[in-house]
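Right after this note come the structures.
In the two complexes that follow, chain A is the common piece, with chain B as its partner first and chain C second.
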Partner chain A sequence: MNLNRSPWALHALLLLAAMVFPFVSNSAFVINFGVLALFYAFIGQSWNIAGGFAGQLSFGHVAFFGVGAYASTIVQMRFGFNPWWGLPAAALAGAAAGFLIGVMSFRAGLKGSYFALITLAFAEVFRIIANSVEITGGGLGMLIPMKQTAANFQFGDRRVFYFIILALTVISVAIALWLKASRFGARLAAIRENEDSASALGINIFVEKIKIMAISGAIAGAGGCFFAQYFLYIDPTIVFGVDKSVEMLLVSMIGGAGTVYGPLIGAILLAVVSEVTRSMFSFQGLSLVLYGTLLVIIIAFLPNGLIELFKRKKLKDGDQLSVTSSTKAGEA
Partner chain B sequence: MLKVKGLTKIFGGLRAVDNATLEVAPGQIVSLIGPNGAGKTTLFASIAGFYKIDEGEVELLGQNILGLPVHEIARRGMVRTFQITQPFAKLTVLENIAVGAFQQFASMTEAHAHARLIAEKVGMTGMLDQPASELTVAGRKRLELARALATGPKLLLLDEVMAGLNPQEIIEIIALIRSIRDSGVTILLIEHVMHAVMSLSEYIYVLSYGKIIAQGKPQEVVTNREVIEAYLGRGAADQMGEKEQGEAHA
Partner chain C sequence: MDLTIIGAALINGILMGGIYTLVASGLTLIYGVLHIINFAHGSLLMVAMFGVFYMVTKLGIDPYLSLIVTMPAMFALGYVLYRFLIGKLSYGKDENILLITLGLSIVIENLALMFFTGDSRTISMSYSDKMFEVGPLLIGLPKVISFVAAMVMCALLGIFITRTDTGRAIRAVAKERMGARLVGIDVDKVFAISFGLGMATLGAAASLLMPIFYVSPTTGHVFVMVAFTVVVLGGMGSFLGAVVGGLIVGLTESFGGLYLGESLGQIGISLIFILILLFRPSGLFGDKR
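Presenting the complex of A and B:
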C-alpha cells in the first residue's frame, strides 16, 4: 500500500541501479550474473502474472518458454528470417500456446491443482513433440551458428544482452504495474480469490483467464527467444525441462507471488545462490537443493515471500498513521 | 421484471425445486420464504444461471435468459448475493466493492470513487482498507450487498443477508434495503427473519419441499393454513385454525 506513496521514485531508482550495474565491473562473471538475474526475473514475472495475479498456478510454464525458443530459432534457421524477427515470433508463439492451453484447460473446467497438473502434462507433450519431429532437429537440438553482429541478434559485448534483457524485464514489470492499476487486473484478482463471486458480479472468467494466459505465454515465449540467442543452442530437455518451470514458479513464490517486484527479488536470490554454489562446488544441481531449502524456510516464516520484509516495515508506518488520524478524528 | 415459469431442478432423485412459478414486478420488494431445506437457495441459483435447470422458463426484462452464463445474466442487471458469503478474502473492502463497480466504470479512479459511495451507503466507510477476511459476519453480509449493488443492478437477489445479524443491525439493513428499492432497484429476497419479511415485502412466495405452496400479501400468507403447517407442523395448524374459528364464533 505504502509502496504506492511515491511509486515512480522507487521505479526510477531501481531502473537507475540496474542501468549502472554493468558499468561497475566489466568482468564476464558480473555481467553474466546480471543477465542471469534479469532473465530469471523476466520469466518469473511471466509465471507471476498468471499464477500470482490471476491465481492460475501452472507447473508447466516452460511450455511457453520452449515454444518461444523454438519459434525464434526455427524462424531464422529454417525460414531464413533475420534473427530479430525471432523475438516477435517467439512472443506470438508463446501467446498462441497460452491461448490454446488456456482454452482447452478452462473449457474443461480445470482449476487449482488440476490446472497445475494439466499444464505439467502439456509441457511434457511439447517436449516429446520437439524430440520427435524434424523441424526442431529432434533430440539433437538446434545450434545457432555464431556470428556476432548486431544485425544477427548476437553480441560480443555481453552488456548489450544485459540491456536487452533489462528492457524486456522493464516491459514485464510495466505489465505487472498495469495489472495492479487496471480493471483487467482487478478482475483477475477477483477470479483468483473466488471464481463464483467473480462471475456473479458479471465477470466472464473464461475469457479473462484466457487473456492472461496468452499475455503470460507471450512473455515466457520472449524469454525463450532471449535464451536461444544468448546460449545459441537449444534442445528439448533444456527448453522444455521441468526444472525451468520450477525455477519460474520458485522465483515468483520466494520473492512474493502476486506482487510487482516479487519475481525480481526472487530472481536475484536465485542468481546469487546458483552462482555461489557453482563457483564453490562442482556438484551439479546443488544450487536448486540450496534454493529449495531456502524456499522451505521462507514459506515457514514469510509465506507471502521475501517482499514481506520490505512491506512489514512500511506497514508499521501505515499503522501509526492510521492511529494518529483516528485519534485526531476522536479529538474533533 | 422477472418471470419464472414452471422451474424444476432435479438433483439425482430429489426434486429440489418443483414446478415453481413466480413473478417480480419492477420496483417491488418480493420475498421468498420457507422452512430450511425447502429449496430457496437452489431456486435462486437456478434463476441466476448457476444451475442448469431441468424444466421451466426464466425471463428477465422480457427476454429469455435460460442457458445464459452467470456473468451474462449479471451484466443484464440481475445480480445475486450468496447466503454463505463469498468475499474476495485477500482483497480489501474497497477492492471488493470496486470489482462490482468495474461493471459500470472502466477506470480505476471512477470505480473506486463509486465503490466509496456504495460503501458509505451500506455503512462500511470505516472498513475500506480492511481485508475482507477480517470482517465479522455482519460485515461480510454487508459486503455481499455492497458488491452486488456496485454493479448497478436492476434486480437484486438477496440470499439471507440478515442471517447472523443482531437486532440493531437488522433494523439498519431493513432501512438500507428500502432505500435501495427507492433508488429504483427491484429486490427479490430470501429471508428467515420474519419481522423483516413482514415489514419489507409487498408480496411473498412460500416454498416448501421445492413447491410454492402459498403466495400473496404478507398478511394473507401468515394466516395461510398450509404455511403454518409447513413451518410448525399439522398440530399447530389445527390448533391455530380452531382458535380462529373460536374467535369467529365469539
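Presenting the complex of A and C:
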C-alpha cells in the first residue's frame, strides 16, 4: 500500500494509531502526554488555519483561546449552565473575538508584521480586563469545583478527556483538509501569496480574511474550554499569556504552516521535547530554547516546516509536489 | 484629587518616559534604516540588564559607570547578530525577520531562565534612597540621574546621526537604499552598524534602568510592548516621535495607574498601540506609508 498515493489510507491509519494509543498504557503519565500533544495540535491548527493557510500571522492568538476559556467558565460558574454548554459558548465567543479583531484590523489595512503586533496588543488588553473586572474573578482566577460525573464534563477515567480532545483535533484536521481542497481555501492561498493580485482576481480579501479569523477564533475558543475543564482552573496570566500564543505559533511553524498535518507533527515534537528535557534536567526553559532554535532554523532552511522532510521523500518516489503548498514565505 | 499626588504622577511619568524614549530610539533607528521590526529588542535589553547586574554585584562597578562597558559590548553583539544571523537568514521578507527575532527572543529568554531562574533581581546603591525635594514633592535621585542621562544619550545619538559621516551614510541608506549603494556606500555594513547602534542604545538603557528597575528573564516583555507603542505612536523611524511618544507613554502609564488602579491602569499603553495602528498608522511624526 502506498500511503502517499492514497491520502485517505493515511488519515485512517493515523486515526487508528491515535485511538489505540490510550490502550497501550493507562498510566496517568502516558494519557496526560497524549492529551497535551493533541491539545497543542488542536490549538496549533487554529493558528495554522489563519497564519498558515491564509498567511495572517498572529502573535496574540491566545486572545481567542482565553476568551473561550473565560466564556465557558463564566457560563458554567456565574450563570449555572451545564458545562457541556461551555463548549459551544467558547467556540462562539472565540469566533466573535476573531471576527471583531479581524474587522478592526483589516478595515485599517493592517497586514504582515503590523497585524502580528496588533493581535499581541489585543491579547494584552484582554488579559488586563480579565485581571480587573469582577465577573472573571480578577487576578485570583476561577476555580471549577471538582465533581466527577460525565454530565459535569469531568471524568474519573482520564482517557475520556483523551477521546474528547482527539475528536476536536479530528474536526480541526477535517477543516484543514477542507481548506486544502475547497475554493475558499484556494482564495485564502491567493491572499496569502499576494493580496494585491488576489484582489485583482476579484477576491474580496476583506471578507475572506474575516471569515478565516472567525473560524480560527472558534477553534482556539473551543481549545480554551477544553483547557479550563481539564485543569479546572484559569487565571488571566495562564489563558491570556504570551507563552501560549507563542506555543501555538511554534507548533504550527515548526511542523509546517499551511499544511494539514504540520501542527500535529509540531505538537508531538513539542510534547516529547518538553517531557524528555523535564525528566532529564531540573531547570526550566531548555525545551523552549530548543524549540526557539528550531524556529530560526526552520525559517532559514525549511520554510515549509518539518513536514517538508516527508514530502522530499515523496518527491524521490516519483510523485509530484503539490504546487499550492510549496511556495510559502521565504523563497522570494 | 490632591495636587501633590498628581504632581508626583506627572514627574514620575516624565522621568520614566525619558527611559522609554531611549529604549525606543534603538528600535526606531533599526526600523528606520533596515525596515525590520526587531521583536528581540526587549530580550536583548534584559540580557544587557543582567550584564549590568553582575557588573554591579560581582565587580562592584557603579551601574552608571557600566555604560562604558555595556554600550560597546551591545554594539558588538548587535553587529555580530546582524552580520551572521538576522541579515543572513531573513531573505528580506519582513514577516520572516519578525519570526526570526521572535525565535531569538524565545531562545534568549529561556536561556536566561535556565541560568538565572525566574527570580527578580534589584541592585541597591548608596544613593538608591536619596530623594530630591521640589516644593512638596519628593523625587528619587536615581530616577532623575537616569532621565537626564537618557536625554543626553538621545541627544548624542541625534548628533551622531546628523553630524558624522557614518550618520550621513545611515540616513542615506534609510532614505534610498539603491542610491546609497550607487554612490559607494557599503549598505550591508551600514545595516550592521545601525543594528549595532540600536543595541548600543539598549546597553545604555540597561545601565540607566538597573538602578530604578528590576531584572528577571521576562523583563523584556514589559519593555517590548512599551517600546513598540512609543515607536508606533511617534511614527516608525522618527526620533522626534520617539521623544514625544516616550513622554506620552510614560505619562499614560503613571496617570493610568493613578486613576484606574494597579491592574486596569496597565491598559493604557496597549490601547494607545491599538488605536494608533487602527486610526493613524503613520504615527504623530512618521512619513505616510
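Observations, loosely collected:
Operating definition for what follows: the second predicted complex is superposed on the first by the 308 of 332 C-alpha atoms of A that agree within 3 Å, B and C clash if a C-alpha of one lies under 4 Å from a C-alpha of the other, contacts with A are read in each partner's own complex, and residues count from 1 in each chain.
Criterion: a contact is a pair of C-beta atoms (placed from the backbone, for glycine too) under 8 Å apart; a residue touches a chain by one contact, two chains touch by 3 or more.
Everything numeric in this text was worked out from a predicted model, so none of it was measured.
In the superposed model, A:L120 makes contact with chain C only, not with chain B. Using the contact criterion defined above for the overlaid structures, shared-chain residue A:I129 touches chain C, although it does not reach chain B.
By the document's definition of touching, neither partner reaches A:L309: not chain B, not chain C.
Once chain A of one complex is fitted onto chain A of the other, the partner contacts of A:I205 are limited to chain B, with no touch recorded for chain C. Between chain B and chain C, C touches the greater number of residues of chain A. In the superposition on chain A, A:T293 makes contact with chain C only, not with chain B.
Contacts of A:L16 after superposition on the shared chain: neither chain B nor chain C is touched.
Chain A makes touch with chain B in their complex at residues 1, 181-183, 186-187, 189-190, 193-194, 196-205, 322. Contact residues on chain B toward chain A in their complex (touch as defined above): 48, 50, 69-72, 74-75, 79-82, 86-91, 95, 98-100, 102-103, 105-108, 111, 129, 147-148, 151.
Residue ranges of chain A in contact with chain C, taken from their complex: 57, 59, 104-105, 107-110, 112-114, 116-118, 120-122, 124-125, 128-129, 131-132, 138-139, 242, 246, 249-250, 253, 283-286, 288-289, 291-293, 295-296, 299-300, 329-332.
Partner chain A is touched in their complex by these residues of chain C: 37, 85, 88-96, 98-100, 102-107, 109-114, 117-118, 217, 221, 225, 228, 232, 261, 263-264, 266-267, 270-271, 273-274, 277-279, 281.
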